[in-house]
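The same subunit A turns up in both complexes below, where it pairs with subunit B and then with subunit C.
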Partner chain A sequence: MSHAELVCPAGTPAALRTAVDAGADAVYCGFQNATNARNFPGLNFTPDELAVAVLYAHGKGTKVLLALNTYPPAGKFDLWRQAADLGARLGVDAFIVADMGVADYIARAHPQARLHLSVQAAASTPEAIRYYCAHFGVKRVVLPRILTIPEIRQIRKEIPCEIETFIFGNHGLMVEGRCSLTNYLTGQSTNMDGVCSPASDVEYVRDADGAMSSRLAGFTIDRFGPDEMAGYPTICKGRYTAPHRPEEYYAFEEPVSLNLSRLLPELIGAGVHAFKIEGRQRSKSYVRGVVAAFRQAVDDIRAGHAANIADLLALTEGQKQTQGAFETKKWR
Partner chain B sequence: MTKLTLGPIAYHWSADKRRDFYARIADEAPVDEVYLGEVICSKRAPFHEGDLPTTIERLERAGKVVVLSSLAEVMLKRERMATSDLAAMDHPEIEINNAAGLYARGQRPHRIGPFMNAYNEATIMWMAGQGATHICLPPELPAEAIAIAARSARALGLGVEVQVFGRLSLAVSARCYHARAHRRTKDSCQFVCADDPDGMPLRTRDDMPILRVNGIQTQSESYVDLVPDAGRLVADGVTHLRIMPQEVDMVGVTRLIRAVLAGQLPVAEAGVRLQELCAGRQFSNGFYHGQAGYRRIANATLAP
Partner chain C sequence: MSTRIRTIPPGSGVVSRLACTMVQPILSRVVRRIAAQHPSLFARLGPHQGTDFLIDPVDLPFALHLRPDPQALLFRAVPRDAAPQAGAVIRGRFLLLLELVDSEEDGDAAFFSRDLEVSGDTEAVVRLRNALDDVEGSIAEETAAMFGPPGRAILGHLRRTYSRDPIRT
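Right after this comes the complex of A and B.
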């Protein structure tokens, strides 16, 4: 059986301590700049905070994974180089990378460092994964959220590294690392700046008919009736019209949350080594609840018991949930 | 001498339409290089791949360099096979759009496609060391980064390409949004994407055009137009300017851009004529100026 390591979000030093205390095997975090894919205001770590966090986590036997998973635009590569050097000096346990230049730099400058391939690298076949393993010594791949369990099981047989999959949280629809939708509307890039549908460009506008429009950079991403709860204007979760769909529809995906707790035993059986919980932007109490519930579920499964997943389902009560692409390829 | 290239057709145009299109391109379009092949959806390939040998021959006879482009998204067995088959070819040149293709190609010469995320000098240097001869930069790179990337690529002897015309690829997905719009799935799509030869328009709920759907790909509503910036791109080291096939008079478009490059057509006049050729389309250049991609920024310098 795989280790079924729980990899938990740490958006802030407080969230990191919370996740460690709640039983995370590893936490992932980033610096307060464009070098990571959740470069949101109020999130992430200063170098000093990361130094303290590494000591705290290591003291409790928890690993710290540093996300350097954006794509440096030409001329700004030094920022990523400095972040990698700093991470190495502070003793992080692995770097999560996407850009080949960043991977190559760390592999050469810090040959002892462990590299994880970010979901932002969009490696979804054994061949693509083997490319990164062969050239940069990647030890683990975070799989895109587009594969079914039989496909994951097959990939596991054909690659020389560990597999990490997302199990819970916000569910991205586009191939990550290949999406410029936010930049098209706002001028801030997901790949280069670590930004997705930035809060600074969001406004909620009450229309004359009582409906609420949620807008991103002036574009109406969705409208909600007086009785509906207005959702956040994420471009790939908005409602639009098309020639065959004169009534607005979710052109890409409904605003659902990924919850694979029911599939945990199958994923473990498929050889998944680590499970990632999304949510570096989430509150401490959210992190505590989700991490503790998954800790219990994984421990139960590893002990040969059926996991009680009622707590996990309750975490998303009132929200729409999906098992996404994992269960059936009809999702596609 | 700056090369004009015609990118791969992004849409599900019929085999007949493609044959006619490439016959006209061979005879009448002043482009130097033509990219062929299915980049977006592996289900479409059987409709037109049988014509590839004759199309290649036709274009090469007309003096064009032909390059075969690989799939951007590789998941299924048939997609892995198609990618490794392409990577095994000696002729024509190939452009790789997925790391699976890089793995299969090894150190043999190849071009790097726009889906490969060659954003910076370190990545370009890595790719050059692995046999890349040519890099097509991601469309969201701003001018300053293009200049730095192009300089480092040129120093390594690589060709450098930037898209200057057509809809921008903004995202790809495992899900087919064309099928979804028709309440189908990717496996049962019945090729509804063929109905939208210039992409399926999405409009916001206050009726603003915003994006285009092309199967698993999401494109910009606007056509990028960097024709007024061609002079600066070339001065900054870009060697190839890519024109993407759209549902407009593409011979007219390529002739117009060639005339601008040759100094035979003032940029201002070219802008007016391009708008005429692309009636009803919006143009944008925001990414080049480091702003929201949909924006159209007035150019300070109009001389090429």
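Right after this comes the complex of A and C.
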């Protein structure tokens, strides 16, 4: 049986302490700049805050993983270099990277550092993963959410590093690290600026009938009826019309969250080393509830019992959940 | 399943103005105390320290006007018909808003379920949410403690009422 490490999100120092206290084995977080893929306003850590957070986490036996998982634009590499140096100085336990240049810099400047390959790298084949392992010493890959469990089991046999999979939270199926939908409307890059649907470009409008429209950069991307659950204001989860589809429909994805609580034993059996909970942008309430639920579930499984996972539906996007491609590629 | 905020009550007239007058001394004291206890909150607000927020508890007879400027802090009750032009509006039932301030409820989940509405400057709302979420401890309990045993008793009653509320579950 694999170790089944629980890797949990923290958008603020208070959320990090909440995750640690709720039983996280590791917590991932980022600085307040474009070096990470959740560069949201008011979120993330100053260097001083991260220093205190690392001490707190280590004091409780929890690892801190620093997300440097965006792609430096030409001429701006210094920001990523400084973040890596700072993380190394503060004693983070691993760096989560996507860009080969960032991986190469850390491997050379901080050879003792542990590298995890972010889902933003979109490495989903043994050939790609082995390349990162061979050239940068990557010790763990975070797999994209597009693989079935049999495929994960097969990949595990063909790579020399650990596997981490998402088990709960946002269900993004676009080719991560290569999705440019936000750029088209806002001019900001998910992959280089760290912002998908930047809040400064988002607007919600309540209509007279109680419906709500969500707009991005002035474009309406969805309209939720008075009796409908809402979703995030991302282009990939909007509803559109097309010449062949006059009725509005989800052209890319639906607002729904991943929840693999029922598949944990199979994932452990497939050799998954670590389970990731998405949601650095979510509240302490979310972190407390989701981390505690999965801590209990993983502990139950490791003790040989059936997992009794708490109902997390209220925390899911649109109050809908799926096992996505992990169950079957025909999930939609 | 139905959304929770069907209509926005008027919040105007004599009752509203009287209620505003009654709660204002409490609000002023509360906001000064929170600012003194949690100065780091302002850093996360960044450029939105000067933004006017209208926090609208739809089940109370008034709205709340917040400008979180540490140099000129403003938190006042206003009748809805006299509310200022706000940069951002946050609307929901009072107890939900209280639970969100204390991170006992998740803001995204309340948005998904349509219990929470936001309009205006979304970045300002996100910054305020993240600033409050980084506060350790309970702002509601700190506030209640300012008023001694009666304050704590009222908070306890409100929370029990909220936890039994069939709309919430």
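What we mean here is this: the second predicted complex is superposed on the first by the 311 of 332 C-alpha atoms of A that agree within 3 Å, B and C clash if a C-alpha of one lies under 4 Å from a C-alpha of the other, contacts with A are read in each partner's own complex, and residues count from 1 in each chain.
What we mean here is this: a residue touches a chain if its C-beta (ideal position, glycine included) is under 8 Å from a C-beta of that chain, and two chains touch if they have at least 3 such contacts.
What you see is a predicted model; the values in this text were computed from it and never measured.
Enquirer: Looking at the overlay, what does A:G30 touch: subunit B (first), subunit C (second), both, or neither?
Expert: In the superposed model, A:G30 contacts neither subunit B nor subunit C.
Enquirer: Would you check which partner chain A:Y204 touches, where first means subunit B only, second means subunit C only, and both and neither mean what they say?
Expert: It touches subunit C, and subunit B stays clear.
Enquirer: One more residue to check, A:P144. First (subunit B), second (subunit C), both or neither?
Expert: After superposition on chain A, A:P144 lies in contact with subunit B alone.
Enquirer: Contacts for A:R130 in the overlay, against subunit B (first) and subunit C (second): which applies, first, second, both or neither?
Expert: In the superposed model, A:R130 contacts subunit B only, not subunit C.
Enquirer: Name the contact category of A:P41: first (subunit B only), second (subunit C only), both, or neither.
Expert: Touch status of A:P41: second partner only.
Enquirer: May I ask you to name which of subunit B and subunit C touches more residues of subunit A?
Expert: Looking at subunit B versus subunit C, the one contacting more residues of subunit A is B.
Enquirer: Going by the contact rule set out at the top, does A:V102 touch subunit B (first), subunit C (second), both, or neither?
Expert: Touch status of A:V102: first partner only.
Enquirer: Using the superposition on chain A described above, determine whether A:P226 touches subunit B (first), subunit C (second), both, or neither.
Expert: In the superposition, A:P226 touches subunit C alone.
Enquirer: Going by the contact rule set out above, which residues of subunit B touch subunit A in the complex?
Expert: Going through subunit B, the ones touching subunit A are 72-75, 79-80, 83-84, 98-100, 102-104, 115, 117, 119-127, 130, 138-142, 144-149, 152, 168-177, 180-182, 185-187, 200-208, 210-211, 213, 218, 220, 286-287, 290-295.
Enquirer: Which residues of subunit A touch subunit B in the complex?
Expert: Counting only subunit A, the residues touching subunit B are 71-77, 98-102, 104-105, 121, 123-128, 130-132, 134-135, 144, 146-147, 151, 173-175, 177-181, 183-187, 189, 191-192, 213, 217, 219-223, 236, 238-245, 248-249, 251-253, 325, 329-332.
Enquirer: So in the complex, the part of subunit A that touches subunit C is made up of which residues?
Expert: For subunit A paired with subunit C, touching residues are 11-15, 17, 40-43, 198-200, 202-206, 210, 212, 224, 226-232, 281-286, 289, 314-319.
Enquirer: Name, in rising order, each residue of subunit C that touches subunit A in their complex.
Expert: Against subunit A, subunit C makes touches at 1-3, 5-6, 44-46, 100, 103-109, 111-114, 117-119, 121-123, 125-131, 133-136.
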